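Each in structure tokens, the structures are laid out below.
The following pair of complexes shares a single chain, chain A, combined with chain B in the former and chain C in the latter.
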Partner chain A sequence: MRAIRIIAVNTFREALRDRVLYLFLGFAILLMASSKIFGILTVGEQDKIIKDLGLAGIQFFLMLIAVMMSVILVSREIDSKTVYYLLAKPVRRWQFLLGKYAGLILVVLVNLVLMTVILVFFVWLYGGGFDPRLFLATGMIGVEMAVLIAFAVLFSVLTKPILGSVFTLAVFVVGHLSQDLWLLTRHLPGSLGRTLVSVLYYLVPNFERFNFKTEVVHQLPIPAAAIGLALVYGCFFTGLVLVLACVRFERRDLQ
Partner chain B sequence: MKRVALPLCAIVVLLAGAVVSERALQRFERADPLGRELLYLPSAEMLELTSLGNRGLVADLLYLWSIQYYSKYQPHERFLYLETVYGLITDLDPLYYDAYRVGALIMQLPTTEEAEHKAAVIRLFDKALRNMPDNWEIAEAAGWDMYIRYRDKPEALRYFGSAAAVPGSPHRIKRFLAVWSNDEEGWSFDDALAYWKEVRGEAENAYDLAVCDKQIYRLFASRDEGTLGPVLQQWKFGHGICPDSWQQIIDAGWLREVPTDYFGQPYRILPESCTAHAIEDVRID
Partner chain C sequence: MSEVQLRIHDLWKTFHPGLFESSVEVLRGLSLEVDKGEIFGFLGPNGAGKTTTIKAVTGLVIPDRGEISIADQPHDSMQAKRLIGFMAESPYLYTYLTGREYLRFSAELLEIESAEIDDRVESTLARVSMTDRADRKMRTFSKGMLQRIALGQALLGDPQLLILDEPMSGLDPVGRRDVRDIILEQKDRGVTVFFSSHIIPDVETVCDRVATVIAGSVRGIGAVRELIAREVESYEVTFTDLDPKSVTTPVASVHRGSDAAWVRVDAERRDTLIRELADRGARLVSLTPVQSSLEELLLRQYEEAAS
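Moving on, here comes the complex of A and B:
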């Protein structure tokens, strides 16, 4: 556990030294600040547009941070052979990978909290009042990112950094479209086709399960069970992907 | 020094070139696509897929675009696709109150396709009520639009009934519904004016105030146009031609002064139909 913690802290420190991180963060803050311009252009309530834009911006920039940092930070260690020094110490391969994952989660978490506080501030500043439910929406974006980072870590041990980024991006897109796979099962005529599509649906993550933006923006009630089950679903999926990544990394020839 | 000056000069020259060419391009009138670009609007399903879980944001962007697109009123083919545009926005975000309200207001602009647009307004409001059954504000707005814009009392009563049925709706709606339902002639001008003044008093923001002012404006305009129309027709009957100005009628002793609307602007005389017409310029923004 100590090894994981040390690797996580070092991964976090390493990420903080990367200028790309601040670029994304800057763009996200700029987007939220400029949401007032979109609000001015509207007829009616401005809060909705500011919240929609802010939440979408947080999701988009966190996704970029997750995709870029995850693949870079893990692959860099392997490509630059620095992983040898680490693995020469009493550190197991799975501990190295979980440490990297925990460090990346920490990076995303810090950014998420920062962006959320800024969004809540801008909503309040632009006259929308204090809306604590925004923390719920962004918290669930955080869970989505935890699953996505797990995939990024898996791809970083499976393939090259560029391909890993592309695959992780593809998971993000597919994860938001997978709901349609489920709808497709209802329209397929044969039971075999239906079964195959159902299996495929359960194999890819359904990121829409973590999407509570509409409910938060329109002040709709959200069942506690839906949030709880989404958290459970996220934990299981993350665990599954991380186990796959650890198994692959254990068997990988690092020469 | 030369190292700095040369790139700086190049930057200034290139920037100046870009500005000059852009200004020259502004003089070219672009071909008017007559709203045909709207034929290529993607479906709600397609937009939802590409939004990756941000359908509310896509609805916002479409709504903002539509406001700019329809902000300048002139008869145009693009108005044929109003229902498509606002149908798309409200498919993406079925709880988008402003989109229903503003979409219906734009559809109510006078056009040659009056009957079709009225049917579209009703369909949009009905969709709003299906998606937001607890929202009495949209039902009340629909009722007033039906009454003031289209003089359609049965439709107006249907919407007021829906508004009154929502738990927690203001008492004034129930009161109004009761009075109106019992009165075959409907509300008088004074009743309607008192009602809108009461609503104006409850307005919480500039937007609500502007909506109330618009309704009051329409009330006055509707009443005055109804009164001034016969005067103009009588003049035309007697003189064989519609008067050029109100002054001719005042000089003849038929009117004491130039008739003005709620905001003090004189009514226009439309020579084609020889009717009085209010210049509606209450902006809601």
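Moving on, here comes the complex of A and C:
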């Protein structure tokens, strides 16, 4: 635990000293601030549009932060060989990976909290009142990011940095589309495409399970079971992917 | 019987760089033992497998076959890792941290008590002469400065076994002397030092024993003096009462002083020459082995290996 904590804190510190983080955070805030303009341009209820756009923006920029920072922070450590000095100390390889993972979660969590508070503030500022359910929606985005970062760690261990970010992005996109694709192809007769889609559907987590944006924006009821299920689902995938990453890293030559 | 601090037994490693590249057999049954408290030099030409061996010992590379133990513990156990201080071939450090921050981070990982961390970091910084530059980001450090911090993190945990991969490369003369002093000082404290180097005078002056690695296995191992003595190539023979030009045994560099003459003879012709001198009534004054320096020895071994 001790080694994991120390590495997590250092990873967090590294992220804070990286300009990329502030760039994404800046864009996210800019988007939320300017959502008022979109609200005026569009017909409809302004606060819904602000919420809708804000949540989508948080998800998008958080995803960018998660993917970029994970791949940068894990691959950089391995590529630039700074990991040599860590692993020659009383630190196990899986502790290194979990430390990195925990540090990345911390980075995303801080950004998530910051962005959510800003969104809640803007919604209130533009006359939408105080909506605590926004925290639920962004919280579930956080769970989604926890799964995504586990994939990013796995890909950083398996491949080169650029490839790693491409694969992680692919998991994100496929994870959001696979349910629709699966539903779509279910009505088609058996084909290669259909088999492929089902394979992807079962292999890649279904990220739509973490999506409560519509319910929150349109004030629809959310069953507690759906939230519980999403949490269990997220924990299961995160655990599985992290175990895979640790197992792979255990036997890897560092060079 | 001295205790063994580091035992490497029959280490094999082949790298498989990629699908379409041929694999490289780097270590071929490398074995050696380093005794407790000695300074052990690890020599060999570029690409001989020194760094790979060191990476296997520190758990960065996983050997295909063979055993490594540190103070009788498996080298990848946490007990063994607590005994090691390691400095890699190049100083791979976090550029976004300052020297002091990095040492503090290392101290935490080395499980040093938090009350002790400050003292330990400060004394280590002083030891590697980096106190006044410790608060700059390491991004701005020169290679020698980075090397000093890297050496600092190796010393920080009061290791029993210091493993240094070319600790003197890239340092100015003062830096080299400092490293040499640190190594000797560690020995005085009872620390075992295992280091690779290409700088032969340093190896000669510092090491108790050396091993030469060629193409992934140990070629020669022993005390520096012993290794050189074992490889006596020729003798200088001084004698009187005979014209050296008339000697029939093939000899080289014939010189004639006011009364004595001296010649150099190959090791395998030594006995023939002595017999001839005796037969012809010359008086033998002295017979001195011409010791090759370590450098010559290595050059010869390396060249033999290359051909």
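Definition applied: the second predicted complex is superposed on the first by the 236 of 255 C-alpha atoms of A that agree within 3 Å, B and C clash if a C-alpha of one lies under 4 Å from a C-alpha of the other, contacts with A are read in each partner's own complex, and residues count from 1 in each chain.
One rule holds in what follows: a contact is a pair of C-beta atoms (placed from the backbone, for glycine too) under 8 Å apart; a residue touches a chain by one contact, two chains touch by 3 or more.
Please read these numbers as outputs of a predicted model, since none were measured by experiment.
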In the superposed model on chain A, is it clash or fit for chain B and chain C?
fit
By the touch definition at the top of the document, which applies to A:2: first (chain B), second (chain C), both, or neither?
second
Counting only touches as set out at the top, which of chain B and chain C does A:173 meet: first, second, both, neither?
first
Mind working out whether A:48 is in touch with chain B, chain C, both or neither, as first, second, both or neither?
first
After lining up the shared chain so the two structures overlap, which partner does A:217 touch, if you call chain B first and chain C second: first, second, both or neither?
first
When the shared chain A is used to line up the two structures, what angle, as a multiple of 10 degrees, is there at the CA centre of chain A toward chain B and chain C?
150
Once the two structures sit on chain A together, report how near the CA atoms of chain B get to those of chain C, whole Å.
28
Across the complex, what residues on chain B touch chain A?
49, 52-57, 59-60, 63-64, 67-68, 93, 95-98, 101-102, 207, 284-285
Okay, in this complex, where on chain A does chain C touch?
2-3, 6-7, 10, 13-14, 17-18, 80-82, 84-92, 251-255
Per the contact definition, I'd like the list of chain C residues that touch chain A in the complex.
15, 55, 58-62, 78, 81-82, 84, 86, 88, 90, 92-94, 96-97, 105-106, 108-111, 150, 153, 157, 163
Which residues, counting only chain A, touch chain B once they are in their complex?
38, 41-45, 48-49, 52-53, 55-56, 59, 172-173, 176-177, 180, 207-208, 211, 213-214, 217-218, 220
